[in-house]
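Next up is a structure, given as structure tokens.
Letters are used for the chains, namely A, B, C and D, taken in the order the chains are written, and counting of residues starts over at 1 for each.
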Amino acid sequence: MVTALARGLKDKEVVIMGAFSALPMLASRVAQLTHAPNLTFICGGSGAVNPVLEPLPYSSCDDRLLKAECIYPLPDVIDLEARPEIDVFFAGGLQIDAKGSCNLVGIGEPGQLKLRGPGSVGLPFLSRARRFIIYSMAHNTRNFVPEVDFISGPGFIDQEVLSSGPSMVVTPLCVMDFENKKMRLKSLHPRVTVEMVTENTGFDLIIPSDVGETPLPTQEELMHMRRIDPMGAARDSVQ
Amino acid sequence: MAREEKVIGVDEAVERFVQDGCVLGVGGMHMHNNAMAVIREIIRQKKRIKRLVTSPSACTNADMLIGAGLVEEIYCSYVGFEHLGLALNFRKFAESGQLRVRECDEAFSVYSLRGGASSLPFHPLPKGLETTSVPKLNQEDYKVTKDPFTGEDVLCVRSVQPDVSIVHCQKADAYGNAIFEGSKFTDFDMIKASDKVILQVEEVVPNEYVLQKSHRIDVPGMLVDAIIDAPFGCHPTASHKYYTYDEDHLKEYLKASKEDFSVYLDKYVYGIKTNEDYLEVIGGREKATQLMERDIPW
Amino acid sequence: MAREEKVIGVDEAVERFVQDGCVLGVGGMHMHNNAMAVIREIIRQKKRIKRLVTSPSACTNADMLIGAGLVEEIYCSYVGFEHLGLALNFRKFAESGQLRVRECDEAFSVYSLRGGASSLPFHPLPKGLETTSVPKLNQEDYKVTKDPFTGEDVLCVRSVQPDVSIVHCQKADAYGNAIFEGSKFTDFDMIKASDKVILQVEEVVPNEYVLQKSHRIDVPGMLVDAIIDAPFGCHPTASHKYYTYDEDHLKEYLKASKEDFSVYLDKYVYGIKTNEDYLEVIGGREKATQLMERDIPW
Amino acid sequence: MVTALARGLKDKEVVIMGAFSALPMLASRVAQLTHAPNLTFICGGSGAVNPVLEPLPYSSCDDRLLKAECIYPLPDVIDLEARPEIDVFFAGGLQIDAKGSCNLVGIGEPGQLKLRGPGSVGLPFLSRARRFIIYSMAHNTRNFVPEVDFISGPGFIDQEVLSSGPSMVVTPLCVMDFENKKMRLKSLHPRVTVEMVTENTGFDLIIPSDVGETPLPTQEELMHMRRIDPMGAARDSVQ
């Protein structure tokens, strides 16, 4: 997952992530240490810009992030999220749908939620990031649904937004992208089959003829990951 | 005449500045810098909170007040425990309707306080945020006006000015000139927007310390009404650069809030008189040392 | 691959980032932290400024560009020399109509940039500011909308996003992570609001220096496009904690702007090639020492 | 002048001043060292809160102000000016009128100014300060006029404002206050006569029967002034 996320980032991009983001933090740092030395990444609530991540913490607001190039106050981070500076936003949700919308409000009807979610936090800013990458620690029919009950972060919706939308989805099973604004399988992680993915997805995923295998980390990437994350914070995140 | 100091006891601060039925702001974000010593005292004094205002990501600071049955409604951008899971008191009270949730998002949390801090009647939002479900779920706090320069519709949020806010800083002098030693989160805007401010600190420093680094003082004393000297007062959350969060304790908290939360409250809140007693109950010097001993990269 | 550094020559920075006909922001306030090395280069390259944006109190940073005949219009909250008197180029060009003045005030300067920084279409003002002559004199930039929560009229200002801003910080690393060693004035909001930023600094520090004090870094490098290493680059204004303003020189400047300003420009701007040459012309090491030698209370 | 200004401040008040303010800075510090230890004063553009003023600088943005309890960023100072926290605002102008309005825009007609002033800066916030104190370095018929050409800071105007208005005016000649929203002579500085004041005022000043003498500084006040301002920055301000 880390490798797929890291390779989804380009040099000179500005990348931002929110809560529960050991995985995108690690991916961003690995990208920076390999193919994207001019990447800037911002760890949400802490405001840490380009933290060295030695070691990678579990919490996005941890003071281990303070060894960084700047601790940018959160209100200023939010201002930045509204500016065209952000190239990539990492997103997720209780529910993710075929068009890439994410939901953290809850599951059920308004006023009669079966599951009250934590709340939408920064996901509404997906409408303004150049593009966004969805990552999910689980892949099953409960979280990959035909249509989200509530839109916290808009994917390809009917209304026009500034963002070009979601570009990639990474789960413990596979990597997906979008074709005509609908989710499409792109590559399978080792030992995962197309059937395992379709069985665990609550909608008809586009399955192209040339589904590849998700590339494995290089020796260099592995070395960085092990050094940055000796505690296994990123691995622990995956259910 | 002598200058008056603002350091007082937590019981006196809560009695004087937290009124029944108030709009209460609580600082900190996720499991960091939650001013728990003051929040526990609010629970002991059973102060009823009309409306709770938090940073974009609230944690036990909100969940514990809710679990104690004291909160009528909350502006909710996020209440949870990040990698440790959902906030179960919040879930229970929200799902059952005992807690009224005013649905919001990070933009609301930030700009409503900034509007309050600047005495603006409302605060516009950047374009795009009208596309989510949030403004539709909360038409009381999100409303549309016209951009007077283009005539276009613009979504706005209500400005928020808490009656009193509870914020944790690492250091302050006796007059309230204070320093955040790590992340500031949205605490500074909360302080600016609030009518009264109770500041919980790890340590009270001499005024001379402040004078030597004036351009690194984050909060001028005139904004602070009471200072609570509470070392380890954020437990079970972290205080940046002082100690980390107590993961074992937070897991015990989450387990209790799944089962019978009153057991937790009896043991750690109602049964406790002073900050020193609390530190004993959570594990004393051994626990404190454990939370402080870390590989610190800075 | 290696990370790219952003330190470049002042001539290259102005060529690349200051376009003819741009909206230009200039930082600093009164006779402090004016980024004069860059401003002198703008005059040498005769870049025409469509609209000048300043802090609430502009000084020679605005007056010199105006005196060089390069400025079409200015958002004016204040242009002057505080205890040394009025800004005479500004007066002359404004009174003769050669300079268009968009009348404004401190609230406009602050909130128009904050609106720009937050990508808001406009920024409301607190009630009361509609009672002065300023909004009546400038109905282009002050307009009224409805508070969507109460239906009341609210005066608003236009948001401002300069095409490029010229700001002075005391320190930055080669990637633009920068520190204000004294007052920040409104420079930080100007940086946030601007499309491009040229940062003039007293000294370039190692990245390791920045990593050790990350929570005291005022500007993250991603907001900065070019860094100009210009010791004494604020002269004749002050750079906080580095040197004070040159009162004798400012008096010579004011005298020249009363009589024939081209004499001043020829001597100190057009006739100069490098920052080192400039430092020689203003009095060399002796002058520098004099401006640095002070009873410093911090 | 310093003594009159200092005694116009009460303990626990929050006081703010803008450009060209050596005089109110010194007055505030003297007040703090004598009868008002809990006074807070903020030096405008610098953002210095409670600077020790050793020594008093000429410029309101000087780095000599950095020995203070906080350097509050200017945008935050402006936010504060809009809040009810500010008790006293120090004001001045090119023109000051009988109702206490101040003008820094200029003199003449809009579009045809005979004198282009520097601009209004923070004076519009006079509408929001609990009260304000006007100080002027000169007292003549050119700056004390019946009605200002432009309102930069509103005195007692027809529109309702949050402020209770101007409470005191201090000039090199006298101290004035207001009766029924019009300026009134209160006390004369040593060696100044009522005639000197009326001749130098461009409108009919209210002259009560009991015009007093402006109190002289006490020994204690004098001692503080001499220690804080050995260069005479405050004295140099007065024309």
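To be clear about the criterion, a contact is a pair of C-beta atoms (placed from the backbone, for glycine too) under 8 Å apart; a residue touches a chain by one contact, two chains touch by 3 or more.
The model shown is predicted, which means the values in this text are computed figures rather than measured ones.
Where touching is counted per the definition, the chains common to chain C and chain D are B. Across the two candidate interfaces, A-B and A-C, the one carrying more C-beta contacts is A-B. Taking each chain's centre as the mean of its CA atoms, D is the chain most distant from chain A. One finds 56 Å separating the Cα centroids of chain A and chain D. The distance from the centre of chain A to the centre of chain B, with each centre set as the mean of the Cα atoms, comes to 27 Å.
Separation between the centroids of chain A and chain C, computed from CA atoms only, is 39 Å. Chain B and chain C have CA centres that are 37 Å apart.
Contacts with at least two other chains are made by residues 48, 52, 66-67, 71, 78, 82, 128 of chain A. Multi-chain contact residues of chain C (touching two or more other chains) are listed as 111, 118-119, 126-127, 182-183, 214-215, 298. Chain contact topology: the protein chains form a pattern that is neither a line, a ring, a star nor a complete graph.
Chain pairs recorded as touching, per the definition above, are A-B, A-C, B-C, B-D, C-D. Of all the residues in chain C, the ones that touch chain B in their complex are 111, 118-127, 143-150, 152, 154, 156, 158, 180-183, 212, 214-216, 298.
Within the complex formed with chain A, the residues of chain C that make contact are 1-4, 117-119, 173, 175, 177, 192, 207, 210-211, 214-215, 217, 219-223. Listed in rising order, the residues of chain D touching chain B in the complex are 11, 14, 35-38, 40, 48-49, 52, 66-72, 76, 79-80, 82-83, 85, 128. Residues 19-20, 22, 45-48, 52, 54-55, 58-64, 66-67, 71, 73-75, 78, 82, 103-105, 110, 113-125, 127-128, 150-154, 157, 159, 161-163, 236-237 of chain D touch chain C in their complex.
Touching chain A in their complex are the following residues of chain B: 29-32, 55-57, 76-80, 82-83, 86-87, 90-91, 94-95, 101, 103-107, 110-111, 114, 126-129, 131-134, 137, 182-186, 188-189, 238, 240-241, 244-245, 294-298.
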